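Two complexes follow with subunit A in common, the first pairing it with subunit B and the second with subunit C.
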Partner chain A sequence: MLIENLGGNLMGTIPLGDIVLYLNSLHIFLFVTILVFTALIAISRTETQVEAMFGSLDENKVSVGKKEFKQRRFLAIICGIATAGAMITGDLFNFTLFMALIGIVNIGIVSAVKHVDVLNSAYQYGLIAMMCGLPLFGGAAMILAATGTLSLFELAAIPASPMMIFGALVMLIGVCGESGIAPFFASKAEMFRTPGSPFILIIHLSSLFIIVRFVEILLIIL
Partner chain B sequence: MNLMAQILINVIIAFLAGSLLLGFHRKVMARVQLRPGPPIIQYLLHSLKFFFKETTFPKTASIPFYIGITVILAIIWVTGVIVGPVTKGSLMILFGIYAIHKIVEHNAGSSSGSPYGKLSCVRAVFSAAGELPLFAVIAVIFLLTGTMDISGIIAYQSIHGPLFFQLPLAVLMFFTLIVTKSPYSPFAITKGKEIISGFETEHFGMLRGYIMFSESIAWYILLWIFLTIFFGPISVVGYLIGMIVICIITGFINATTPMLNPNHSVMTQISIAVICTVGSIIMIII
Partner chain C sequence: MPNIAKLWNKLADPKNIPRLFALILGLLLIAGFLIPIGLNTDQIYTRPAPQSQMDAGLTIAPYDRGGEILESPGITEAQYPENSQNLGWINSYMTPIADMLKGISPYFGTSICASPGGLIDEILYYTRGFDTILESSILMMAFIIASWLAINFTMDRKEEKGEGDIEEDVKRAIASSDRIANEVEMSNRKARKKQAKKEFR
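The block that comes next holds the complex of A and B.
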């Protein structure tokens, strides 16, 4: 299977031993987009949530404190950079590391919020992310055991064996859990109720972009 | 023709055709509900009108995201035109564009500070499951044709015949996605009327203009992709007839179906995606 058939024409490669970094239209599109969003997060201020209070004419305003703002902005930028790395890496092991880092940072972004429902949700997501670390790394290990390499460039040239397919499917479970997408998103949705729009955006953005990239990786392996 | 000229012409076509198709879609819905409905050109006039109205910014908004997100939406859909009708590039990039569209729904809703936008933002996270049928469709098409390039898929169909007849379950999945993205859809939980206009509620003036401009292009591109990847090389008249027929069908569905609650909406889409993906793979193997 040609690697160009998935994400467009190959624009260049950087061989680092057996790991070959490669760029195509899809990677550049995802990489540039995530960097634009990360730059916007770095310069954005947060919104103030305003709700009418029941039984009176007052308003309830919820905003992000300065110390919390700085902590969450730092973690959001780290999450953006980790996602950008996952978009251009040519190595399956690096991808799993970036994925694990994104999962940890996602929990960190909401753990500073003093809101019981949000913290409960982050705790549940954390448990799922932790459990899914095993299939994530285990799947990559199975592929390594079956092929002797984790370079995507090399994997594209190797015909899929049953163990490679099984490893890829196990990895899919790991990615779904770590990124908190369906059917695991129920544990994550409450996290988005917290104020701090730019920071919670990166949680959702990183999950969706990781899935787009993993679809490409999955099809390379299959 | 010069590439820049091609891009410009295709963006204008996508905007005009998309706006008129959305207006037509609304007309069909109105006639099904025994109402006269607005003129077909109404959506286009609304879109243009917003570019000349005063733009205001809520004091509570997260600036510059509140502004930037609408510009990002317009840019990604112009990119969609370039990757789709202009260069016939990779379906994976279009998949990425739909992912960013979901992010725009999410951030446009949360960045204003409005509770309606916030609810829409949380629902956007749930409704990300709506992208599953798209992922499943492109994966199934790749397994059959061996390429993600739209030009490659067209070439495959010119030899083997339309994919419409070879992958009927993938067609059903993609059609579910079209219904999901159509206005007043039973799956359109991010724009439910109980949350006013959802994530668009607090965007006024030029910012709303950008959103409506992008929605027109998004609708056109969605129909264009469906017709291209399932019917292969077809003429301009073929595209026109196909798009009108899809608007009539989705108009009937949306006019007669109430909006589902978020859980039912998500589970319906996931169920359709799983059943049709497994069915399509079995059909390819057989």
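The block that comes next holds the complex of A and C.
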């Protein structure tokens, strides 16, 4: 499908040798939105969870320590920047690289937590993220072998062959696992049950943006 | 209907998710055997026919792409030739050591120490210039974060004492659940006694 049909008018390209970034209204919108959210998260404080105690009127406050707070803020900013990069890239392989970075950072954001359940689900998510390396990079390699290019500009002009469709499907499975959409949501959803809300939210936000962008890439390829 | 409910409950358990993912991925990869392999031979980095350079007696076969340094361009292709117009001018550059090695035997051409470094420079730093930096820095970032996580959140955790110790947390959780169970048991017993008294009257 033509790039112009999907994301609005082509506003221009940034030629950096063989890597040509292209800008259209969809990409700029996604890019700016995720950067704004990252900035908001970088300046915000964490929430404090309040748990009611059993059998009394007392409450139990769960807050985040300063060291943990700093680590999480750093990882959340990295996650936001990686997502922003995935939004604007014009190269299929760079997209998969950004995805891999987001997966690692997502585990990092929750791994500082001291809840056994959360760590357990983060471990399970880590297993999926590790498995996702194969379909993500394998799918990109298959598309490269079938077409001879990874540039989305060039891929838009090439009609889809069976191998390209299969490569895109393999990549789709990888993106589904890495961003934790149904039916793989359980391990990622359990990870949200931890204090420190704004940094946890970037996990969710990045996977939403990645899915939107990947659907666009799928439509460009096929 | 209860079967679907059971299935949903299984999907809600994080332990089952990697298994489900592995199953789906495995099925898809097995289905991949049915896909006809349609390789594109018109790749961007051209290769001569196998053994043709060997038969022609070129010393750096199979990586000879022709050209003389700063005199005539060799064969290098770019995705967007308009972005890299001085392509191929340093194609055949070799370091003195590589130059010496290629004189010794024609079979050193396949090793990296006697292949033209200029060609790699053309591809990595000229045509894909920005990308080489970007990709390797993303990968480096990923590896640094992964190793930092491994050092800080796996090995050192047992030595961490005090407020947030994970073993302490587990113990506390077990103790509190025991206490709650005891309380429930006690209140049950009381209620049963009351009930028994009432019935006795």
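Just so it is clear, the second predicted complex is superposed on the first by the 222 of 222 C-alpha atoms of A that agree within 3 Å, B and C clash if a C-alpha of one lies under 4 Å from a C-alpha of the other, contacts with A are read in each partner's own complex, and residues count from 1 in each chain.
Basically, a contact is a pair of C-beta atoms (placed from the backbone, for glycine too) under 8 Å apart; a residue touches a chain by one contact, two chains touch by 3 or more.
None of the values given here were measured: they were computed from a predicted structure.
*Asks:* Report clash or fit for the pair subunit B and subunit C bound to subunit A in the combined superposed model.
*Replies:* fit
*Asks:* Does the superposition put A:I43 against subunit B (first), subunit C (second), both, or neither?
*Replies:* In the superposed model, A:I43 contacts subunit B only, not subunit C.
*Asks:* Quick check for you: in the superposed arrangement, does A:E216 touch first (subunit B), second (subunit C), both or neither?
*Replies:* first
*Asks:* After superposition on the shared chain, which partner residues are touched by A:L10: those of subunit B (first), subunit C (second), both, or neither?
*Replies:* Neither partner.
*Asks:* Is A:F29 touching the first partner subunit B, the second partner subunit C, both, or neither of them?
*Replies:* Touch status of A:F29: first partner only.
*Asks:* Would you sort A:L201 into first (subunit B), second (subunit C), both or neither based on which partner it touches?
*Replies:* Touch status of A:L201: first partner only.
*Asks:* Have a look at where A:A145 lands relative to subunit B and subunit C in the superposition and call it first, second, both or neither.
*Replies:* After superposing on A, A:A145 lies in contact with subunit C but is clear of subunit B.
*Asks:* Applying the touch criterion given at the start, work out whether A:R193 contacts subunit B, subunit C, both or neither, answering first, second, both or neither.
*Replies:* first
*Asks:* After the superposition, pull out the minimum Cα separation from subunit B to subunit C in whole angstrom, please.
*Replies:* When the complexes share the chain A frame, the smallest subunit B-subunit C C-alpha distance is 5 Å.
*Asks:* Of the residues on subunit A, which ones does subunit B touch that subunit C also touches?
*Replies:* Touching subunit B in the first complex and subunit C in the second, residues 183 of subunit A appear in both lists.
*Asks:* Across the complex, what residues on subunit B touch subunit A?
*Replies:* Going through subunit B, the ones touching subunit A are 59-66, 68, 72, 76, 79, 83, 89-90, 92-93, 95-96, 99-100, 102-103, 106-107, 110-115, 118, 121-122, 124-126, 128-129, 131-132, 135, 138-139, 142-143, 146-149, 152, 266, 270.
*Asks:* Give every residue of subunit A touching subunit B within the complex, in rising order.
*Replies:* Interface residues on the subunit A side: 1, 5-8, 25-26, 29-30, 33, 36-37, 40-41, 43-51, 61, 181-183, 185, 188-189, 192-193, 195, 197-198, 200-201, 204-205, 207-209, 211-212, 215-216, 218-219, 222.
*Asks:* Can you name the residues of subunit C that touch subunit A in the complex?
*Replies:* Residues 11-18, 20-22, 24-25, 28-29, 32, 35-40, 42-44, 78-80, 83-84, 126-131, 134-135, 138-139, 141-142, 145-146, 148-149, 152-153, 163-166, 169-170, 173, 180, 183 of subunit C touch subunit A in their complex.
*Asks:* For the complex, give me every residue of subunit A touching subunit C.
*Replies:* Touch list, subunit A to subunit C: 15-20, 54-55, 65, 71, 75, 78, 82, 85, 91, 93-94, 97-98, 100-101, 104-105, 107-108, 111-112, 114-116, 119-121, 124-125, 127-128, 131, 134-135, 145-149, 151, 154, 161-163, 166, 169-170, 173, 177, 183-184, 186-187, 190.
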